[in-house]
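What follows is a single structure, written as structure tokens, with notes after it.
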Amino acid sequence: MEANRYDTYSENTAGRANVADSPERVAYYEELARLETGALWTVANKIEPWAPRSASVPVVWRYQDLRGHVLRSAELVSPEEAGRRVIYLNNPGRRDVAAAVGWLYSGLQVMKPGELASAHAHSHSALRFIMEGRGAYTVVDGHKMTLGANDFVLTPNGTWHEHGVAQDGTTCIWQDGLDIPLVNALEAGFYAVHPDLNQTVTHPVDDTSGAWGGVALRPQVSGWTKPYSPLFKYEWEPTYEALRRYARTTAGSPYDGVLLEYVNPATGGAVMPTIGASMQLLRPGEHTKAHRHTGSFIYQVAKGSGFSIIDGQRFDWTERDIFCVPSWAIHEHANLSSNDDACLFCFNDLPVMRSLSLYREEVVKDNDGHQIPSKPLTTWSS
Amino acid sequence: MEANRYDTYSENTAGRANVADSPERVAYYEELARLETGALWTVANKIEPWAPRSASVPVVWRYQDLRGHVLRSAELVSPEEAGRRVIYLNNPGRRDVAAAVGWLYSGLQVMKPGELASAHAHSHSALRFIMEGRGAYTVVDGHKMTLGANDFVLTPNGTWHEHGVAQDGTTCIWQDGLDIPLVNALEAGFYAVHPDLNQTVTHPVDDTSGAWGGVALRPQVSGWTKPYSPLFKYEWEPTYEALRRYARTTAGSPYDGVLLEYVNPATGGAVMPTIGASMQLLRPGEHTKAHRHTGSFIYQVAKGSGFSIIDGQRFDWTERDIFCVPSWAIHEHANLSSNDDACLFCFNDLPVMRSLSLYREEVVKDNDGHQIPSKPLTTWSS
Amino acid sequence: MEANRYDTYSENTAGRANVADSPERVAYYEELARLETGALWTVANKIEPWAPRSASVPVVWRYQDLRGHVLRSAELVSPEEAGRRVIYLNNPGRRDVAAAVGWLYSGLQVMKPGELASAHAHSHSALRFIMEGRGAYTVVDGHKMTLGANDFVLTPNGTWHEHGVAQDGTTCIWQDGLDIPLVNALEAGFYAVHPDLNQTVTHPVDDTSGAWGGVALRPQVSGWTKPYSPLFKYEWEPTYEALRRYARTTAGSPYDGVLLEYVNPATGGAVMPTIGASMQLLRPGEHTKAHRHTGSFIYQVAKGSGFSIIDGQRFDWTERDIFCVPSWAIHEHANLSSNDDACLFCFNDLPVMRSLSLYREEVVKDNDGHQIPSKPLTTWSS
Amino acid sequence: MEANRYDTYSENTAGRANVADSPERVAYYEELARLETGALWTVANKIEPWAPRSASVPVVWRYQDLRGHVLRSAELVSPEEAGRRVIYLNNPGRRDVAAAVGWLYSGLQVMKPGELASAHAHSHSALRFIMEGRGAYTVVDGHKMTLGANDFVLTPNGTWHEHGVAQDGTTCIWQDGLDIPLVNALEAGFYAVHPDLNQTVTHPVDDTSGAWGGVALRPQVSGWTKPYSPLFKYEWEPTYEALRRYARTTAGSPYDGVLLEYVNPATGGAVMPTIGASMQLLRPGEHTKAHRHTGSFIYQVAKGSGFSIIDGQRFDWTERDIFCVPSWAIHEHANLSSNDDACLFCFNDLPVMRSLSLYREEVVKDNDGHQIPSKPLTTWSS
């Protein structure tokens, strides 16, 4: 709002506020301000928009641009100084909260063979998607998970966790995904350093995959009551195999191709209360139709290359690139290969949208459902 | 109760009915009977027992005894006459309701290459566990599932379903498991023959495995709201692999070894509202401890050989044998092989026990937790 | 089945078993019997009926017939001998399981001022609906509830409970409703006498009504996780008031008039996992349309007089009479008063039908939706 | 962060980032910024705080200060210009999002007899708590609710709704409570004006109270599946009566006195997915102990007078005053009357905290659990 103007947001539409400033009114507004109040009609049209206008912008972060900087961070600061050597993705529209998109944080972390970070816990929920290197592992509440490329691991709200790379491994880089901005905004962020700085592994290695990693199977009398998945690691190979098998029996979604959501096997629901994750496969040459919906999405290209059109702008991507789709942004994806499939890993805040009944979707109707880059769209169907 | 006696169930314990007959009382009882009533104290101790006394007895049905008869049924009656050629398991204590144990029905069905049964639907829930043969398939509401040995398939309450064997298959035998006695007892049994006698396959073959057969994955926006699993087929190979992987990271249950319950992947709960199923692995030489609990259980030996002690009686079993454990019967299992594992498939009414809050369990404390065949047990711990 | 005949249940319909006996087949059947098995086709049409055929018959138990006998029981046997002085309702079709209808038990209990029954617990669930007298109370797990006419109280599965009448009260009669036959049939019945024969009241009197008896309110951080309602007493006055208020804003159900189900306020679901309850109001002169559904129902006339037509037979009832509607029986209700409403209390096994996905309903289409007593019905609509 | 400094947030604690700026590092940081990235360790301690630090401050808005301004707004702008005449509460720490506390909006609205606002719908959830006047009503999706002082009404996410005052009523003032800032922050805010500007009342007046306003009762076969309460109006009288009845059987919470949460009677859960509400009673002279927890809370004094100590600062309040408690602020309440109870209405974002597993609580241990105004606290117990 301009200084000294209170009618900036007026709209000349029935049912919307349309109150011109007058000296008497401005005097009134100033009185209200002294009482820590305001007149709703001066801000109503601002705070009740017709549709979401995301503060985030679409961005692609190319791995070839970032990889060198990520590796360099390991030289520039020690683990003891930095805690973790991470280059975080800073959406131009979200620099104030260090978010990659919406209320989601993401960063690229590097760790060298034999390194082990100190253990901590926080009320933020996190996942870690491995990009390169051998020997990475994570310990969560005494459970140790070994990790390879395209695997991901959960470190949920409240768990003690720490990351490391085996002595005989190689330098590892992974993507971290967290709800830090969301939890901070909700004023519910807590952080603790483990009293012993590192925890003891108290279960057999990869035991959560042993207990919960079967197809439609659960351990007898599991007693699991926590609000996140008891399966901490999601492996690439069975996921990719499942996608290919699913692709043989489904036409897939017109908007997302062949998409599987990772779930908490104890409930069939999201992996954590605040973060969902999925892997989707675009068939050779597949170009999906455009739609838009609420929720913020961060993609990593797990396999292949192609492009996405987001709010009319084309973003090319190849393996390991990361890009984001802000809430209510129109988007469509294309696999540029004519003989190989492309896979996109995604994490998002869909569980929040669903828990709070805020999910909404709309599809493009004109131009056969596709955006014309740089031209605005006109007709929609909910 | 003896004719003309009304005090048969008296117990001389505080808090229990203990009313001796007298001429005045007997006259009163007879008057009550004319009003379609009775005096509670004449039956209270009968209808409020201290603990369950199952009407069923433990039985083992040996496949070597039954196989010939099952095959012969295919000669003795035509599919048109019989509908289905099935030898059902008739527990000596449950002949009135044709149950194998408790309120569960089971039978062995045979079908020859090229045969296809007519389609029907019923409010009974069913599963079908393949014992031998190649080429078996089942169609459920337009979804066709191909089936091999140790696979099982659901045909839930209300679905149109039919079974067949491919022209190029071999004679197939499978075990049927149903809740027929339960649903009849609850006076909720409905049956319908498909108007066209057979249904059309409307989805790609094995499509439910495509959509729901991944590890901790679900199809996007599944919209599944039915009370049973959207995954209709549970395959032996991934199950056995999961059991072996689980065995590497768990000590297992002292009473059941390494046991995984089959679940509805959309909810993490039982595969159907009235029937649960599990596969358990006994390690070479493993002999579990004894316990008892409510619920009725039918086992098929999917692999290996061993024995179970049920209420003090030893039952030896080998691959394809079927045996039952009645509610509240003490039981323990042993794998007789010193170098190979044994696997028991089981279906049961645990979902009923759990939905109705009737599950209860007790473990044997004396003799290091083992029964001495033919000697009653004395000490227990809930 | 007749002795020596195995084809009694044959039906000459495609998709149904239709196998005539022959000497060879009979010999085969006899061999099967020796192996504790049978041929399914000899019983298939029996155990897979087209629709439920209830073993129960409709009955009305008139209070004027029973009241004297109930009072006399208190003279004929002492509380110490009988435990409880109860006349139970014995459906002619269910005498083997002492059920009033289906798998539900009901009885009329009497207690004199100053009497207190011993405390016990069982895995059967129970409720108690007060018919007459002042000063009745029930203690459940240390909570004491005072009770007046048309109030009812829960004594759920596993709770310690005992009934009494205050010293300054009057002789009280109430109706007990239990799932004894169901839980016994499911072989899950346990019974225990309280070690001290009576329990101590450990909470303020009627405290569960204090905590949970508000309109759409719950106590802060209740922590309630048990599978039954934390509100143990349901009072007549607020219920009747709610019915009358509801009647002013609803047309009601064509089949049930103005009906409210009692719920567990912590979940909005049934009061106990195995027993549901409701109170319904028939407006002056109201005559509902006929329908049938699965589930067994016991009604007590809480107010007024009228009649019900059940499977073509008219049963007149007045205040305090009890009647039952068996599963799948066609029924309709009528209030005979032209200026006063009539109220029916009901308890039933609907929660079982719903948990196990066995509820099904069908409405009468011909004759404007009404039965003609003693004439069978022909057209239906699910 | 200061301009040109990147080490502002360093902490000298094991497990926290502690990286001093150096020319080489600063050059590196600047390169990262060009790639829309940053070094996590420069912001880690900022974005992972040890505990929440709310942006909101405690405020009390006194009705005697605001009432005149609220009434004046009705003179200063017409309903047509303003849409709604509302003075909103503008927390000094949340002016950027027009929140009263955290992500909750609140305002005082005035309407004169005969006025009717235009109907709209939005994805924000709202409630309306009546402060004064006769004849207020709200229409939600065709259901009309009449409202008196201390009643509140829901206008949930997605419903068409409009407010009015009857021609024969008096000028009404009420408090609005919405999740506008939250839904906007989550980029999921949609708004629509009703195509006819006003909707038709399609149900009997107050019908949702008829159907759902009983004590532990639900209408038969309600079919309600929406994520918010089917009871749209919560009335003061039965609530106050319930509080007083509850007070007779409970000691209450040491931190909140006698508190009842308003619930969705179909589920026992919160009234809407994003907003919870409660009414609490402080007995004459009651002074609660201090605690703190996550979640943002807005209180209106429905009855009586007293004070609250919030983060060491005392706020006195009397009937109709409004005050807020920010997330993780220490707070305790006191009723200053020695012979009358005091009642606080509250709405909050507890359902969000619970759905997202972010609720956490801590109690003050020293000074007998009370704050000493203006002195910081030291010892805590989770």
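Per-chain residue numbering starts at 1, and chain names A, B, C and D are given in the order in which the chains are listed.
As a working rule, a contact is a pair of C-beta atoms (placed from the backbone, for glycine too) under 8 Å apart; a residue touches a chain by one contact, two chains touch by 3 or more.
Predicted model only: the values in this text are computed from it and were never measured.
Participant: Taking each chain's centre as the mean of its C-alpha atoms, give the chain farthest from chain C.
Facilitator: The most remote chain is A.
Participant: So, what's the distance in Å between the C-alpha centres of chain B and chain A?
Facilitator: For chain A versus chain B, the centre distance works out to 44 Å.
Participant: Measuring centre to centre with CA averages, how many angstrom lie between chain A and chain C?
Facilitator: A distance of 52 Å separates the two centres.
Participant: Centroid of chain B to centroid of chain C, CA atoms only: how many Å?
Facilitator: Here chain B and chain C have centroids separated by 28 Å.
Participant: Show the residues in chain B shared as contacts by 2 or more other chains, in ascending order.
Facilitator: Nothing qualifies.
Participant: If every chain is a node and each touching pair gets an edge, what shape is that graph: line, ring, star, complete or other?
Facilitator: Per interface graph, the chains form a ring.
Participant: Can you give me every chain pair that touches, using the contact definition above?
Facilitator: Chains touch in the following pairs: A-B, A-D, B-C, C-D.
Participant: Would you pull the chain D residues touching chain C in the complex into a rising list?
Facilitator: Residues 203-207, 209-221, 229, 231, 234-235, 238-239, 241-243, 245-250, 253, 256, 259-268, 278-279 of chain D touch chain C in their complex.
Participant: In their shared complex, at which residues does chain C touch chain B?
Facilitator: It comes out as residues 13-19, 24-25, 28, 31-33, 35-41, 43-44, 47-55, 59, 61, 65-66, 69, 72-73, 76-77, 81-92, 97-98, 102-103, 105, 107, 118, 120, 122-124, 157-158, 180-181, 183-194, 197, 227-228, 273-274, 294-296, 326-328, 349, 352-353, 355-360.
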